[in-house]
Amino acid sequence: MAHAPCFASDNYAGVHPTVMAALAAANVGPAPAYGADALTRAACARFKEVLGENAEPFFVFLGTAANVLALQAMTRPHHAVLAASSAHINVDECGAPERILGCKLMCVDTAGGKLTPGDLRPFLSHLGNEHHNQPRVVSIAQATELGTVYGIDEIQALADFAHENGLLLHMDGARLGNAAAALGCDLRDLTSSAGVDALSFGGTKNGLMFGEAVVFFRPDLARDFPFIRKQGMQLCSKMRFIAAQFLALLDGGLWRANAAQANAMARLLADKVAGIPGLRLTQPVETNAVFASLAPRAIARLQERFAFYVWDHERHVVRWMTSFATTEAEVEAFAAAVRQEVAAAEAGAEA
Amino acid sequence: MAHAPCFASDNYAGVHPTVMAALAAANVGPAPAYGADALTRAACARFKEVLGENAEPFFVFLGTAANVLALQAMTRPHHAVLAASSAHINVDECGAPERILGCKLMCVDTAGGKLTPGDLRPFLSHLGNEHHNQPRVVSIAQATELGTVYGIDEIQALADFAHENGLLLHMDGARLGNAAAALGCDLRDLTSSAGVDALSFGGTKNGLMFGEAVVFFRPDLARDFPFIRKQGMQLCSKMRFIAAQFLALLDGGLWRANAAQANAMARLLADKVAGIPGLRLTQPVETNAVFASLAPRAIARLQERFAFYVWDHERHVVRWMTSFATTEAEVEAFAAAVRQEVAAAEAGAEA
Amino acid sequence: MAHAPCFASDNYAGVHPTVMAALAAANVGPAPAYGADALTRAACARFKEVLGENAEPFFVFLGTAANVLALQAMTRPHHAVLAASSAHINVDECGAPERILGCKLMCVDTAGGKLTPGDLRPFLSHLGNEHHNQPRVVSIAQATELGTVYGIDEIQALADFAHENGLLLHMDGARLGNAAAALGCDLRDLTSSAGVDALSFGGTKNGLMFGEAVVFFRPDLARDFPFIRKQGMQLCSKMRFIAAQFLALLDGGLWRANAAQANAMARLLADKVAGIPGLRLTQPVETNAVFASLAPRAIARLQERFAFYVWDHERHVVRWMTSFATTEAEVEAFAAAVRQEVAAAEAGAEA
Amino acid sequence: MAHAPCFASDNYAGVHPTVMAALAAANVGPAPAYGADALTRAACARFKEVLGENAEPFFVFLGTAANVLALQAMTRPHHAVLAASSAHINVDECGAPERILGCKLMCVDTAGGKLTPGDLRPFLSHLGNEHHNQPRVVSIAQATELGTVYGIDEIQALADFAHENGLLLHMDGARLGNAAAALGCDLRDLTSSAGVDALSFGGTKNGLMFGEAVVFFRPDLARDFPFIRKQGMQLCSKMRFIAAQFLALLDGGLWRANAAQANAMARLLADKVAGIPGLRLTQPVETNAVFASLAPRAIARLQERFAFYVWDHERHVVRWMTSFATTEAEVEAFAAAVRQEVAAAEAGAEA
């Protein structure tokens, strides 16, 4: 282990070796640019097998763009997107949604990052009133930014609510693999079968070098997307190199193996630290993130040796995130350090 | 030669082996995301060595984004960008500049894709008039979309004109390496030393898998760019993989070797087809593109076997583009086919 | 005549007395805001009588907004609007169309400001190509910015061309009244009956204080317009005061009387100056503008006494514009001055 | 009293007779368009006298545009605007701020619509972090949308907080006159002297037909505003008719008289209904709005006869708004009806 264990984010990880091999294998001679190549065709076909025949996939470079451009295909600027306050689109995209869509985000504070139909109903009260943005899309993250997971029935309930009220359902699936691995279900169970209209399917956080997919489950949403993608500065010229990565991820269940490893390491970490006096897990550990509150001095000492983020400075909550590349040995080393530093901080506090 | 020779575009080429090796070498353990890693630091330092200490480089995914976001840092929506009608920003970016900047492009028809101060002067007549967009940036491509090259003095003259009139000079350097190789000069001779204020430095068309750099030569332009890049959906999480490619390109002069090979192959092709009766070169061949007019039936026959684009359907002008990966054998095979098909078409026309 | 005759623009004129009286009459007690009042209902009904039952009118404050918001209802940002280079939307709105629509304007140089289907056909060659904005709207001005007028058959031909190619036809009718008065036809002959899909109907230049109408002739274009107008910052709270003005304009043919007076005065002016040696009319005088070339020194001397604009500084072309308020005496005084100054300039040139 | 008393909004009122007379008086002969006329010059000078020599006024058509365009001059799209959740810019402008600025609004729930520095401090925690919009403007409404008023010291405290943290202070003064009348101070005491950087100065709600002013107190903010206004579709061609109204409003203290009348009528209404069993005033009545909770059946009965808005359907809170045109007799008639209907509802509830 040449490098210190890292619990900062799953995008600190490198590229899975199988994916790297696929990139090398794709580098043979010239190929048509902008997606008119054989690998891109194959990857699109593969997506249809995995997610359903009605899936219309489009590759883009990164997750923020997948979210924003998917939402652009679903909205006009006088619309509103309903989301949890903790949503990536609300807090981590430097306002790209407002800037590119022109829309307002209408956000709800939630405990665990998950929306319910009950959270959304109040936003319908101004339908038809020209003074107010008109709700048009419900956007949920699966898994959420807090590591929690929607059950299939919960997604279906949101889809039903949306469709009954003339809205659409978008899923930010930057960590969809982690959710499916956690629930032990197929990707389509959480998306097309559950009523999702548009999906941002994450690759980078599950072992790719770069690349995400926007997948529409309604042809009307897909119709203008080639133009939206190009104008949105997300049309990759050497697209075969995104396609090859996704083929590697979808073939042989690599996506699930990677996600399961990440989840298992978070579970292991949670188990190791769960009983430590002075440390409290603040969210259920359902995928690859552990949220914990601990003494500020313990946080500071740990950050000297390990990379991770403080999630809530006021409440001393940290986020520890695992990836496909996280190992048991890393988790154990880290958990031991946590135990030691929290104990030291507790002792200091009593002294 | 497993694949047919391809003269469609330099972005049909794959990844240079040295670049691919650099990607593999960068894939070691975790690294901070979003550019806070050692490779990105090293690549930025390398850019300063190459382009001058005042260079402020930022990596993005693709060339359209490099152009549009560089221009965004230089403009407000009531400004105008002055460019040649043939500019990539005008014709090949699906209106991303207008969409993202909010600005108007004011374009001039040119013979060879190159602007002169004389072309620009008429646009200054409405300065200060609130009814009209205010010219703010002159944007030139080096090399141009027509394969031609600005001399250093020509760039300097445009920079002087711009600065004397309160404008800024942007260079779309998607093929800057080809221009520098053609002129036998350094990259900085064409950019910082010549008065360029902001540069889109191309990587993808010169052997990278993906990745371009926006380089500012004035600190005030760079100040807000981290936010512009993030909101512009171009902040790469695993940025070390762009940085590693650029390090490979800049180290040991790979950029120049690649560009010189592409240029030489275009030169060779031009020489081979120059004397063919019924074929006319429509642009001077200064970098890696050959523009030629020939009989429509010859074009059609050639397109059955080789990939290339018709540039002007009305005038039967085609563009043949070479890349770092183009070989002499490919050029010779193609030139022979051109000679044969043009002769056949001519014979047919006479018959 | 307390003030100097003014030939600068029809928006230098004041408010027609009948319109001013209507404003005073509308100022009785409170009335629902934002168009839910009786006068707005009446004005909308009146528009349907005048333009056809399929007319869906919406009031806005000014002409630039009428154009831009009408076009917004017809486009998405990856579309393009086809127009004459001389169009108000291209040259006189400080880039508001690009800024608000996100679209590219694709413009054609024309002699007299009028488009033909032949001008538009070349723009169809990139339909379906994601690298290029997709033509969606043809926008024409009736009367044009050069004072010329489309015949009914010319409008119909453009509408047919547009509809056959999946495009829509927008008419900038800032001076629609002048065109209808010139042609001696009804407003609907030039709009709904001729295949126009959306109309900017001008009021300010024909005697109103402020106020224009956007009129859609297809219900799908009107559907979201209440939101587009509000978000576009054009929803007037005390809307009865726009409605009252339009009722005054449409009742009893005031619109035609005003426009006919303006046209007649331009005709008179053209006739008076037509034979002057050294003066040349550069456009046919079909509505309320006279374009003429004359010696620079004559222009300068005239501008000391009369307000008007130089249209083309290089070619010494001026625009003299009349309004509903222009009188014969004003025209005669001005024409005499023109004759005198041009003669003096000619004499000076010969000396 | 020909019409029913109206307590819906101050923009249901008509035009003050003095203002209407000023409009008629301004309608003499032609005048330069777009603000180059004598009345506009006079009105701008008058604004400087009233608000201070550093005031740079610009006229626009309506309040939403005044707010949005003022904010546009103060921001770039990666910025954020901090405001109360109840702010007009947040809830009543159909997302025009997000659409036009590209910025995110960051809003705070408040009891009475008023912000404090303590509310704002948490938003500073992400300064410099490229993943998050950067706070740039604090926007407050004076008077607030809830009828409350900031004291001079409260404005000064917000201005100090803003400036100490590199932010700017914007004031939505759609009802600034009402606030100044309530506090018995001058307009400049609440604006330039208190540290406000940019002001939306309301006219329409205080007796004008249409027209608002954007006033900057820093020359750098004003510099590009002519272009922002034109591109923002708010440059009035016959601008003298806005200027004339503002001259009438500012001359002889008409603004204060109108506002004081509106305030007095709200005070009277509050006093008349204050003691009614079953009715509760939910906000302090400081300007021209009365917020009250009462039984739903009383609300319904009153709305059959009088125009007013339900503010909060869940909590049965109504807003009763007075204007310069509201009379004592109207208030008394309405208060009597309120008393009667609330009593009836209470009786019914007990029965």
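Lettered A, B, C and D in written order, each chain numbered from 1.
Here is the rule we go by: a residue touches a chain if its C-beta (ideal position, glycine included) is under 8 Å from a C-beta of that chain, and two chains touch if they have at least 3 such contacts.
A quick note: this is a predicted structure, and the numbers were derived from the prediction, not measured.
Chemist: Give me the chains shared as neighbours by chain A and chain B.
Modeler: Joint contacts, listed by label: C, D.
Chemist: Taking CA centroids for every chain, report which one is farthest away from chain D.
Modeler: The chain lying farthest from chain D is B.
Chemist: Using mean CA coordinates as chain centres, what's the gap between chain A and chain D in Å?
Modeler: Taking the average C-alpha coordinate of chain A and of chain D, the gap between them is 42 Å.
Chemist: How many angstrom between the C-alpha centroids of chain C and chain A?
Modeler: 51
Chemist: Centroid of chain C to centroid of chain D, CA atoms only: how many Å?
Modeler: 34
Chemist: Two-or-more-chain contact residues of chain B, please, as numbers and ranges.
Modeler: Answer for chain B, listing residues that touch two or more other chains: 77-78, 93-95, 99, 130-131, 227, 230-231, 235.
Chemist: Within the complex, which stretch of chain D touches chain C?
Modeler: Touch list, chain D to chain C: 2-3, 6, 8-9, 11-15, 20, 23-24, 26-33, 61-65, 68-69, 93-96, 99-100, 204, 209-210, 227, 230-238, 241, 307, 323, 325.
Chemist: For the complex, give me every residue of chain D touching chain A.
Modeler: Chain D residues touching chain A: 77-78, 80, 91-95, 98-99, 102-105, 125, 130-133, 313.
Chemist: Which residues of chain D touch chain B in the complex?
Modeler: The contact residues of chain D facing chain B are 34, 76-78, 102, 130-131, 134, 224, 226-231, 235.
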